Amino acid sequence: MLNRAAFAIHSAIHNSRPDVTCAAHSHTIYGRAFCSLGKTLDCITQDACAFYNDHVLYDNFQGVVLAEEEGIAIAKSLGDKKAALLQNHGLLTTGSTIEAAVFWFVSLDKCCHSQLLADAAGKTIKIDHEDAENTHKTVGSSLGGWFSGKPLFDVMERDVKHEGWL
Amino acid sequence: MLNRAAFAIHSAIHNSRPDVTCAAHSHTIYGRAFCSLGKTLDCITQDACAFYNDHVLYDNFQGVVLAEEEGIAIAKSLGDKKAALLQNHGLLTTGSTIEAAVFWFVSLDKCCHSQLLADAAGKTIKIDHEDAENTHKTVGSSLGGWFSGKPLFDVMERDVKHEGWL
Amino acid sequence: MLNRAAFAIHSAIHNSRPDVTCAAHSHTIYGRAFCSLGKTLDCITQDACAFYNDHVLYDNFQGVVLAEEEGIAIAKSLGDKKAALLQNHGLLTTGSTIEAAVFWFVSLDKCCHSQLLADAAGKTIKIDHEDAENTHKTVGSSLGGWFSGKPLFDVMERDVKHEGWL
Amino acid sequence: MLNRAAFAIHSAIHNSRPDVTCAAHSHTIYGRAFCSLGKTLDCITQDACAFYNDHVLYDNFQGVVLAEEEGIAIAKSLGDKKAALLQNHGLLTTGSTIEAAVFWFVSLDKCCHSQLLADAAGKTIKIDHEDAENTHKTVGSSLGGWFSGKPLFDVMERDVKHEGWL
């Protein structure tokens, strides 16, 4: 049995974005909760700056049955950004390295989690345009994603060896 | 000592639903929180489509002491659906396989968790009827439940072997 | 170094409640969050029935420095109930067995957690007086506490042996 | 590759605060969520008293690119307090011992977590000035921080030895 929906989404992105080595997509608790709100992420933390003007909301969910068309539509909506919030669905991130794609995914999920908590508890303060844009250049770069993602893989490799699976 | 309440609920379901091989019921944090709100799940994610027009709210909690009657009433309320939100109590799911029943349980609990977070943080967007119904046919089928639940059991089996319990 | 505040609270309870074999007190995340709201638990789940008319709010926090007086005041406020929400402080539970005291603690913390989530997300439905009282007799008994707490200790014992600490 | 931002923050604090042996800074989920609200912690729990009049809000986030200036500005804002909430960024704590700095960090993160939950669910009750100040003297002392942090390190040491890494 093949996960055709996954194939449709990933292949459409690789077709339209030759710079993307890896795409990550999953229905995490915080990601899907945020994606049901029909809006993009607010820029309220240094970490969220990595996605400042660098992610989209894909708001045309048509269900898993139309996977091929859905994949193409998602890729088109993504454009040249690093991430997409798939409304009523979940998160999608891309990277020029596997480390970056996975780190953006983990990071975007944490941004969703912290904004959900903050919005439920009070009124947030947004980072202004210039600071967000400058910070995006540093923490949001491909190199930044690789640098932040590498430790995740180092730990994984050590754990897997420790458990005797490698 | 026998858990009579559990026996009453499970036996009533197996009596009335010969297609059900396994029922899962527990008082999870997110399940019981959602079940105190007196409403069914909104269809706000692809995953929630598995329960679209396929779960009920049983709103007649009478306490654990009347377990036999309560079990029969729950089974009657469930009808031919795959899941029930037991008001002021917790979640109940069924499946034609053990894998499906357990997966629906885990999935329903996550749907409760993400809707609780989203409703606390803002206003959610609902999936329209046609998309929800089409998606239900795919992700909500018995085969879909088995396919999604199997990896949980594969991991469990590997872990149990690794720990030396099998 | 001695934790004098802990000694003051526990000794005052054992002095005034000869039926109490064990008291449990800690500053859990959900317990202290709920205890900052200045109210008792709503009866919104079967599990919360164990505390129906069987817990108090101690609303006279005077800080850790007056520990001896504070301990006596807490014991007086507790009266013959099984649990206290210590305002601006944390949870306190008692039991005629160690298993019961620990189970009530874990259970009360989960009740706090689920009510916090439900109150943030919507409006809860309360269990009516008669059902709550009847359910309290079953799930809230000393025997019920012991029965529910024992598996926690069985798992702990197995884990500790498995790790080679016993 | 060097984490220049980390170096800038930590070195500025050590320059201006000779009593500080260790500073802890990270972008935890609850810390960054709270720090997006633009306010200091309310004194709603015994544990929060450790930070009563003993932490600041640094509200001049200028992004990661200006790290050196940012570090000096943060140290100036911190003054002689034990902790800072870095708006749109994360938590910062200090200690005269490593144990204290780490314990204050863990504790501050939990204070953020519990206040976020409480504020989302209802209206909190504040501890009055005198009780908060008296409690701060006990639970907020350097000795208190060391005493509370030591068990964390004991457990870490035992785990690391158990895993064979020491």
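We call the chains A, B, C and D, going by the order they appear; numbering starts again at 1 in every chain.
The working rule: a residue touches a chain if its C-beta (ideal position, glycine included) is under 8 Å from a C-beta of that chain, and two chains touch if they have at least 3 such contacts.
Source: prediction; values computed, not measured.
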item: Interface composition of copies subunit A and subunit B: same or different, split at half; value: different
item: Superposing rotation of subunit A relative to subunit D, computed on C-alpha atoms, to nearest 5°; value: 90
item: Centre-of-Cα separation between subunit C and subunit B, whole angstrom; value: 29
item: Subunit B and subunit D, separation of their C-alpha mean positions in angstrom; value: 41
item: Multi-chain contact residues (two or more partners), subunit D; value: 115, 117, 120
item: Touch-based graph of the chains, sorted into line, ring, star, complete or other; value: ring
item: Which pairs of chains touch, using the document's own definition; value: A-B, A-D, B-C, C-D
item: Of all residues in subunit C, those that touch subunit D in their complex; value: 1, 27, 29-30, 32-39, 59, 61-65, 87-90, 115-117, 119-120, 163
item: Residues of subunit C touching subunit B in the complex; value: 44-47, 49, 110, 113-115, 117-118, 120-125, 127, 131-132, 134-135, 137-139, 147, 162
